[in-house]
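You will see subunit A twice below: alongside subunit B first, and alongside subunit C after that.
Moving on, here comes the complex of A and B:
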């Protein structure tokens, strides 16, 4: 951060004061608790020690300019019909980004810009609570990130892609981006976070995304994980919804050596609608842990959750979905489903769909299954002349499509189905 | 809704029926827990050396362990040094027939509805009654002997069949298993012992009745059931305690071993004193129950109806080690007032083609909290294993809570695991439907709750099913959601 400039402008300095307090709180939290460990219920099954061991370096601000346009174009999904905010190793790259010309009521920018940071500061850290060392570490040391703010009644014409590129070849890197999306009342936007990169050394992405949807706002959020190599990812997506707000989330994890996703919803007022779609396709030694939590704090809200996974080779998948229905949250409808397919005897799945309910007039259900491909379905296809391989591939494709097909940024569907199909080539 | 409130109030005020106290001369061990107390208990029971050593080892282990706090329950810290670890009705000569049992005691059991000789004559259920940790009388011993079945208290088994006890004790629940199992291993006073030899189908249902009578005591029974190849036994367990303001600790251990083709059915109707409506007093029921399906085709089935106890903390489990073995768990847990229950099961699939089925029904009312916590684990070699889990919760009133914590861990691709859970209240439309047909709101609720629990109650032996239905009716009399 360029302290010299901030010091010059008293207004900016004033608006940054609350952020400074948040950072100090986070520092105190981190010094007290440190990173979580697998003795904690929320981190059971997670080998955290594996990802915090390397001696990470923090990338310098000039990392933003280290990738040129041609190199960027080689990565997947870089030319969608959308606005782009591109971050390389956690720092903004103006060259690769493409943002709309300034318009009244719409702000899209990077937090490394002091003007943007000053506007974001009052919101930062209000949605994400300090509940683990990873959130604390991000809060005290985040480098850069995207800020989207739509004023009341505004709608963004195109989706915004927040592209996080990780390139680590010389030294292990710790990358800490922080995003903040605010939809004021009756406004709407679609945002897609893409994580991709190329890492021959360990790179830990420790990110926090905060999303606040005010009354009647409509937000669609997609997170695509396409990181390769030794990429570790610990992500928090914290969402707060107010009256009648609607938020759809799609978390699609196709790559990455180690992934832990936390998706938290807080429903603060009546009639919120929250949708969670998840898909994970794992192979090799991948480890993936999806934690979701929905706090139904208010009555008459609706949440629906569908997480599907295919686990191959020696990969491990963990799912933990929590639904809390508070005493006052009568007439809640909450649904949760987690479906897993294991393709190998060395694959592991640990799932824990959890309900905690304190209100009596509710309808909550959850289901979890784990199994293999339906043999009858495979037989049916084979009896019609498909090879066993083709039959299985077709079934897996259909299985993935149930989640990918729900994406609202439709341009993503075809390329993602292609990437998914690649995963089950043999 | 005012009527509903009234009815709810009624249940919260319904008294515990078994809260009386029997004035019987009781012999206590001084309060406190140390190696001398364990030696005292062991000497009192005339135990062989190996068992004393076993107890001491468990105790030394216990000292190193920490009390677990992960269950979803809260209670003030237990002072283990204030409890007395041995309380037995005085004058315990060897009894030759039921007539020699202290008449006071007989009267107590009559009050509980298990008149020992009546049971003997009418129902043909063999009863082992455990009063403050000591086994009082076992009925029908002769008849069982003819069939080759051994049914006696654990202390007698230690004397008469030490080789069996030595071979099996602690093999399913090792003394180091958990904090309360370690404590139990160190100080267990009595319990039932069942041994069914090869190919024998136990001619009658076996039953134990547990009763905590004395003040400031903990009850630590240990039950060991062994079913040899091809054997079958059905075992029932019931429990009550007097009303007291202090909390009492009940930390039992049950071990079941089923060899090839054997089947064991274990049913519990647990009705310990739940405390008064403000949550004062009541039993802490911290129990470790586990069965081992060691042989091929063996089967262990747990059925429980949990209505009592201030805090219930138990997970009857089955380790499915033998190929083609099966485990079942059927449970109804009712909590009311300030009761807390954290209960469920563990099904560990190790063998091929193993099957398990879990049906859990939770009902919470008043200010209570009811949690289901279950683990289904499929090992690498458990090919084609199958699990079906259903856990439903019913909430009555808006001050109670229902929680579900199902853990599913799968390491085999051919395994098929299904889990489903629902939480809801009794539908107003269902009650309306009944009212419309002339069924009052109270009866309607009882009808709906009974229907809701039917799947579990159907698995109880006849005598118990009747008792359980009555218990449910008492616990939830007329509650309208």
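Moving on, here comes the complex of A and C:
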């Protein structure tokens, strides 16, 4: 069965030796394990069978040119003051992209460009470990993706938007983007991954992003999920931080039929700062699972996580946040909060914080709550003349704003608040 | 303006209000006093439109309408304002935030044009003076980290903004020091007019030194056991509530 899946993969030639090795390893992993299943603790609540069942086709490289500028402009957030790397069904579109002119020490490009790939190859597959069939499948058969590299001391003038557009109407599609972001010492950039598009047929996006922040680097990473229709998404964002590096992440999921996000941090040296800011707004039959993990491998690091969700109708949310504090990681500060608001009796949430602490001099707190909207607050606002609907909308807005308001790419805040508000229109 | 007739209410099968009747006309200030547990908060909750209490008999009519049939927002739009005893904290929502919607909802109900941002700000500035509110407090999350006095002043500020016909102040004096009490009272006094009425619910006589009522009613054990003018409050202050309790025992 696993071999049958592998056999369907198109043979994307990677001339570079390091990539061939990674690919062979991934193949071996997949042959042995295949996709994960719900007997595995980390996949307990996830109906993986639902998303791997369709007879997926693999988009060909010409998918990149299948959407023109006008069509692209109809999707959200396509005209920010930012650099754009646009991928359509996993393949780069030069027409829709806009990258800065080459500059010493800064490289922004697509992996389908052989020259870019050559620069990226030494880093690829070093941060993401083969820990599930999805990572393996991506490593074996990724199509294209973004590469950002800033040399020591460099700062990007504008954020980079990596726009993943899915358009699936003729056949079910399997889309495997692979991104690699490397900030060398004391360099900095902001990157926003946007997943958007529409799918009347099933589309499975299996993405892997690797981010390496070297000493004193400062990176701001945002992932926005705005896909509509039968979009399935399994994503791995794998982050490695070195001494005194600072990484902020914002994982904001406003749409998508099925989402599994994995966000992993490995703190390799002292004084790292890692922020995890998450928001998910679910309705209908949406399924969303956020798995996060922070490996505090070194002393004196700080991690802070706030994930908030609103779950309406028959939607299901899962949150699992792991914090591992290794024996040597003394003076760790690790905080985690997950807050859920259930708006209907049929909505479900499973939340599980998981702390494993092997050091003795640490400060760690965690808390998870699931409840309904504050009825007292609703009553208060109604007694001032607001309709029940307006009162609830105002409270949900404020609740979402706590996360969206922290976005460092500030231009995103207003449009996202608007998209969020749309979700609670009635 | 407001007519309460033989109002009985209970919660979880326990009768708390045992037949209250009260008539409030425009321009009047009524004080409702009584010892703890007598039903004061229950009465104000029912007037505000809380649903946890069951009205078992009687009626409440406000400007000719059946008040008990009205949703809380419709009561507000019809000109009723309740100053909460324990105003909630609402993270992420500032007073300015919701008050603009509130003011315009009320204006709409009165057939007035909505205020634009500039007009709204002007109105705010004017009313802020009344209770010495400052702008920064109004821009912060509602009641989060507010002192007791700030919370109550914010309630009176909102009252000023919404210009109600009937205001109900639920233990607005509790937990206030004398300066805050003066500010709150002066705000309320400045809003008094011949068209507006006010119900003050309080345990202590103290507030009534600053807001002089036309009528004082004593609520005890779910019933109004005594009514009078402001002198009744002084008498209560001097004799304490035990005096009422004793009288009730004798009558029972």
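One rule holds in what follows: the second predicted complex is superposed on the first by the 411 of 426 C-alpha atoms of A that agree within 3 Å, B and C clash if a C-alpha of one lies under 4 Å from a C-alpha of the other, contacts with A are read in each partner's own complex, and residues count from 1 in each chain.
Just so it is clear, a residue touches a chain if its C-beta (ideal position, glycine included) is under 8 Å from a C-beta of that chain, and two chains touch if they have at least 3 such contacts.
Everything numeric here is computed off the predicted structure, so don't read it as measured data.
Student: Now for A:348: first (subunit B), second (subunit C), both, or neither, which partner does it touch?
Tutor: first
Student: Just subunit B (first), just subunit C (second), both, or neither: which does A:9 touch?
Tutor: In the superposition, A:9 contacts neither subunit B nor subunit C.
Student: Under the stated touch criterion, which partner chain does A:402 make contact with: subunit B (first), subunit C (second), both, or neither?
Tutor: second
Student: In the overlaid three-chain picture, which partner chain does A:394 touch, first (subunit B) or second (subunit C), both, or neither?
Tutor: Touch status of A:394: second partner only.
Student: Is A:368 contacted by the first partner subunit B, the second partner subunit C, both or neither?
Tutor: First partner only, subunit B.
Student: Touch check for A:383: first (subunit B), second (subunit C), both, or neither?
Tutor: second
Student: Check the contacts made with subunit A and report whether subunit B or subunit C touches more of its residues.
Tutor: B
Student: Residue numbers of subunit A touching subunit B in their complex, please.
Tutor: Residues in contact with subunit B: 41, 327, 330, 340, 342-372.
Student: Over in the complex, which subunit C residues touch subunit A? Could you list them?
Tutor: Going by the criterion above, the answer is residues 48-50, 71-73, 75-77, 82, 84, 87-88, 90-93, 97-99, 101-103, 105-106, 109, 158, 162.
Student: Would you pull the subunit B residues touching subunit A in the complex into a rising list?
Tutor: Of all residues in subunit B, those touching subunit A are 70, 380, 393, 395-425, 481.
Student: Tell me, which parts of subunit A touch subunit C in their complex?
Tutor: 374, 376-377, 379-388, 390, 394-395, 397-399, 401-402
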